[in-house]
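To keep things simple, chains are lettered A, B, C, D and E as they appear, and every chain counts its residues starting from 1.
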Amino acid sequence: MNLRRVETSTWIYLAISFLLIFIPFIVTGRSMQFIFIQIFIFAIFAMSYDILLGFTGIISFGHVMFFGIGAYSTAVTLGRMDATIGSFVLGAIIALVIAAIVSLIVGALTLRLKSHFYAMLTLALAGLFLVLAEKWRSVTGGNDGFTFSLPEFFRDSETMYWFSLLSMVLIFFGLRRFTRSPFGRVLMAIRENENRTESLGFQVTYYKVLASVVAGVVASFAGVLYALSLRFVNTAVFATDLTIDVLLMTIIGGVGTLIGPIVGAGLVEFAHHWLSGLADVHWIFERWIILYGIVYVLVVIFFPLGIVGTIQSKFMNRPVRALRTNRKSDGKKENRKGA
Amino acid sequence: MTAILETKDLSIAFGGHVAVNGVTVEIPEKKFTSIIGPNGAGKTTFFNLLSGQLSPTNGSIYFKGEDITKVSTTKRARMGIGRSFQITNVFPNLTVLENVRLAVQSKNKVRYNIFSHFKHYPGFEKRSLELLDIVFLKEKANAIAASLAHGEKRKLEIAMLLALETEILLLDEPTAGMSVEEVPAIMDVIRNIKDEGNRTIVLIEHKMDMIMGLSDEVLVLYHGELIAKGTPAEIVENETVQAAYLGGGV
Amino acid sequence: MELFISLVINGLATGMLIFLLAAGLTLIFGLMSVLNFAHGGLFIWGAYTGVWVFQMTNSFTLGIVAAILIGLLLGLVTERLVIRPVYGNHMQQILITLGFMLVLQELIKVAFGPDQKAVFPPDFLAGSFMVGDIVLIKYRLFIIAVGILVFVIASLILKKSRIGLIVRAGVMDKEMVQALGINIKLVFMLVFMTGAGLAALSGILHAVYSGVIYAEMGLEFSILAFIVVVIGGMGSFPGSLFAAILVGLAQAFMAYYVPALSLAVNMLLMTIVLIFRPQGLFQVKG
Amino acid sequence: GDDGEAASGDQDVVKVGVLISGTGALETYGLQTQRGFELGIEYGTDGTNEVAGKKIEYIFEDTETDPTVARQKALKLLEEDEVDFLVGSSSSGDTLAVTPLAEEYETIMVVEPAAADSITGAEYNDYVFRTARNSSQDAKAAAVAVAGEGVKIATLAPDYSFGHDGAKAFIEAAEELGAELVLEEYADQAATDFTANIQKIIEAKPDYLFVVWAGANTPWNQIADMRLDEQGIKVTTGVADIATLPSMTPLVGMEGFTLYYHDLPDNEVNDWLVEKHMEEHDSPPDLFTAGGMSSALAIIEALKQTDGDTDGAKLIETMEGMSFETPKGTMTFRPEDHQALQEMYSVTLEESDEFDYPVPVLKEVLTPEQTAPPIMNQ
Amino acid sequence: MENLLELKKVEAFVQHYHILHDISFEVPKGEVTVLLGRNGAGKTTTLRTIMGLNRVSEGSISFKGESIVGRTTFDIANSGIGYVPEDQGIFGGLTVGENLRVAMKKEDEKTTERLEWILELFPDLKKFWKKEGGQLSGGQKQMLSIARAYVNENDLLLIDEPSKGLAPIMVDKVTESIQQMKEQTTIVLVEQNFMMASQIGTRFYIIDDGVTVHSGAMDELKEDKQSMKKYLGIS
């Protein structure tokens, strides 16, 4: 990982982003563009998850709560106000602010709770948000949800495409810088060995909370885009399934790589689209989730680093990190916790 | 001679077992103090209390006259108390270089910078490599820490501790499991630090020749209590110490 | 007063049902430190197979036996294919078992069709009787009895045998246990199978209780089981029992007195417990 | 996509895109709609697949019961297939994610079988017509079946929109008929223990308990176990699809309603449907099969009246107030909110010799006027 | 003399790293064979390879005349080999007593006798019988690890750096215990403490970079200043 290589990869990513700009001229159908938009949105969502899972080593089962917060904030604001850019911006700001506050509080709980306990807590919190969305029907329309209209600017599918693409690219480079900053290095250290990080003089608390806030805010922004792309929102944006989806994307793509979640999002969305489209060919494709599940299990066993992670470790001689924790020491850590 | 670290009646009990029992001691500044004592005497626990990994059930700790009994591990590390661990405690999945670089980064107080690239600090890498060189680990700079042999991990520990450039170095059996050939070399590293004369070193060791060769003062812990204190020569002569610790043969 | 008693009994029954569901999970987590999110998959397979045999043969006992057998069998398969590569790594366990859960759930639809299926209790457990003004539903009493039985047996086994020790040691350092001459793989497999058998057993019992089975119930109920295990303290049998009953009672009473919150009661309970007692109510060693 | 007929791009084709839940929790509903729709086209065109000189082509798409997929599939239908009509979908959420597209693309969408009131209420747009009954119609049917002057009623419903909508509408309708509400009870939709709720109901001592229920965990067993009948409380509810009938065994004797059961409606269309369905699928048509057929018949009737013109505005004009024959008798799209008024059936649940589950037996046909729901889109 | 254990041209991998290149040595019954070498030479890897914890790619390992290459670890252990790993391998969550109980293959009188002998040797273990292994001090862990290998009757003991982290007085005790053990059992010892090694060892092998480069009788080595300097850096 020397300076020069970083630069080449940056150029490659920029080039790919540049090429993606022209997709709408080739793929003119809104439905295909819609798939791309979804990929960009879920890539953003998955990258935010990667910050937690891959870089800080925090498993959350409730990451969808921030996504939902983003989606509902936007939808409610646009639904209640005129469909103008102004209300969109307001909605987005509300989304980000709420997400920041919630993630600050939730993140602070990582101090008390370790690994699966934290995971379960976030699951519960996301569940509570789901209940809130179902119950607060005057605002959310209950689980059927509601539709709203978009500002003129976003109505065009191409605009939406470019806007999502731009967001994804900016967020990618932003997060990449974030993870490669001295701060990001410390996050990785925390993932590896929290106690040790502390005794090196880093205040672990702040790092974890800030990572959680960054992840929450980015996820919320993905939710904002999601609501825009769908022009509709219902309680599904708080469903645990979404967390699972985004988890799968991150894992399949490769945790701790940032580019992995993007690849994962693309792959999962396209695989979904094509496999389910094959339902006429053979009934098994109607049950495409089986294939999906099997592929996923295989990936975890044989390519625990995900696609990007495996490529990096095989061909670029990068040190293998991420999920491959030393099994023995992992077990021992458990002991100490029990003590 | 001023004391940089001071404990007053320091005790800690685990359940019913008192591991450190009313230890009152002054660690003189810029001197080399060694702690010896049988296995389970409470040496590591004493270090854990000094560095903040554990908090005492009783008593207090002073650093440069300031009460730090309630100060967190992190803060103490920043104030200048650095330690190495008896059980190797490194970042297993990061490279050796990255392990040290994290310590260097902390030393240079680059902590919350989220905007610049970590490569913008080439000095860190250079410094890390220097340190690795000192502990004979330079060739392994790009190896994953988990793949190191036991002795190599001990060296990495030391490099990380040195990187922090803390005023006090608490070394917990730094040479345990290190090969006969390299013990003297590591001793030299430690001696050099000592000779620079501006650090306080506290060492836990079972290798008496090291203790003898390096220490200005030796503390003896026994069943959690401080039972003797003095120059190496005095301690070796001390009969209680001989019976409880040294035994006959070696 | 009748109301109170009736709520208590129903709460207990629900609690026992949840306990049965959580018991397998507790065993697998408590001993092997494996977070098995495919638990729900084993649960539905137990439910569907058990119900199928029950309806074919008209014998509830055979249904139960079939459920347990399929549980053991699937446990074997799951352990060998899915769990074995990821012992000791919680993160991977969560991920891989979630994926496998999807497979198991979807396979149910292939094997039994996507429709929900109605289930009725066997005649000797059907209906209810009245004691004074209190309605006692037979099947619930049956559940309470089975729950207690399972609890007692499991506790005895764990207390008396060295197996618990071996498994716990195996989780901490697998290589070392093997170096002590223990075939830890076999031991793990057997424990996992037992856990899976328990999951499947609770599947059939639950199916008859709720009167209906459907493929998605696996995930739904495994989340509930996890909640209980967390509240009770991961890996503690008494903890799970206590937590399950707590949840059961809370559900019953909340549904009566504060229905608005009944949707959220499990989640709330877990949140509160996690915040104030992160290790769960019953702390266990190891 | 599932092309019903070979696609050809020429002018004399009318294309219909049908969104169904082909996978996911509602996939059985999706299948019913699909079969009904196919049969509807066959019946409506006398097997020619042609109306007003135009060939009808239809494409089924699976929404997977996911609004995102629903929207994507709808876009595909509208843009790539350039459909002239949309039909669907099995879930209200999916439907709501699509209805704005109908307006945007000025394409008529026939909603079937999604029941949320808001589709023809708060979220109404001119291009949406619904052949499915909405939740309020269900509730009215239930009210008509049991309510009367001085009758005490209680409700039990799952605690989410569907349950609340249903209970509210029922209470309104029942109170209008002179009934008195004594308890409105909501239970967690995922709960398995309803005894606390039932306990409360017993204490409130209503004459009738109206249960709105959908989803798998049913309260029927427990209602029977808690011996409501012995306490003089009669249960009433909607009878749903055949798959759920076995679980209603404990409710035998109950008076309730249904929107469709294959031997209830007495008309030519239904006779044909039952016969044909038996022939092709070896089973009787189910709850939403009739609905799927109705949606096809509505489209055919509209095309007949416009003589094959698929212009949105023209179709709206035509379809508002349009009546058409369906397996459920004559349906009429109410001009105000485009909701089809339709027959509902008041039934008694009885044991059957033929099946090992109870079946609904007709008590009374409720006319479209009797069950007309309030207009909610203003 | 009969060789209890024999390694011939063993090559082994740790993950995909080729660590052992050519390890050959013989362990005659009833003797203490010492493996020496600097850090990272491959001593630990050699012991782990014997225990079946690493993949052998070439060469043979035979124990009691039978090849044990490719056999599972527990099988090898059950054929009569006890192992004290370098990192002690204490089950941190189990108590001292439980740690020993897991190790005990039988609970007969003989075992009880041995246990008593061990507890006499290491009174700390008795004192902390109910304490969790993870909470022991470094030296106590070392004692427990040794004790665990002693409770069973084994034909061969593989002991990796037993003196590490022990107080001088304990080093003496452990030395003494090994002296006693060697009456009944054959021992392979990896040790950095040359004093100790030379006291108990009968025969030595020096490993360097995964290759056995030198061997001989322990007594000779003490005299052989040149080899000492060349391979061990001791002068």
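Here is the rule we use: contacts are C-beta pairs under 8 Å (C-beta built on N, C-alpha and C of every residue); 3 or more make two chains touch, one makes a residue touch a chain.
Note that the coordinates shown come from a computational prediction; the quantities given were computed from them, not determined experimentally.
Between chain D and chain E, the least number of touch steps comes to 2.
Between chain B and chain D, the least number of touching-chain steps is 2. Averaging Cα atoms per chain gives one point for each, and the point farthest from that of chain A is the centre of E.
Of the two chain pairs examined here, B-E and A-D, the one linked by more C-beta pairs in contact is B-E.
One finds 44 Å separating the Cα centroids of chain C and chain E. Averaged Cα coordinates give chain C a centre that lies 37 Å from the centre of chain D.
Distance between chain centres (mean CA atoms), chain A to chain C: 31 Å.
Taking each chain's centre as the mean of its C-alpha atoms, chain B lies 49 Å from chain C.
For chain D, the set of residues that touch two or more other chains comprises 159.
Those residues of chain C in touch with two or more other chains are numbered 172-173, 175, 263, 285-286.
Of all residues in chain A, those touching 2 or more other chains are 134-135, 287, 289, 325, 332, 334-335, 338, listed in ascending order. Only residues 33, 35, 81-82, 85-92, 94-96, 98-103, 105-107, 109-110, 171-175, 223, 226-227, 230, 234, 260, 263-264, 266-268, 270-271, 274-275, 278-279, 284-286 of chain C touch chain A when the two sit together in their complex. Interface residues of chain C facing chain D in the complex, by the touch rule stated above, are 3, 6-7, 10-11, 13-14, 17, 114-118, 120, 127-128, 130, 135, 137, 206, 209-214, 216-217, 220, 248, 251-253, 255-256, 259, 262-263. Contacts from chain D toward chain C in the complex involve residues 25, 27-28, 159, 185-197, 199-200, 203, 216-218, 220-222, 225-227, 243-247, 249, 357. By the touch criterion stated above, chain B contacts chain E in their complex at residues 14, 17, 36-45, 86-87, 147-152, 173, 176-182, 206, 208, 244-250.
The touching residues of chain B, when paired with chain A in their complex, are 51, 53, 73-74, 77-78, 83, 89-95, 98, 101-103, 105-107, 110-119, 121, 142, 144, 146, 160, 164.
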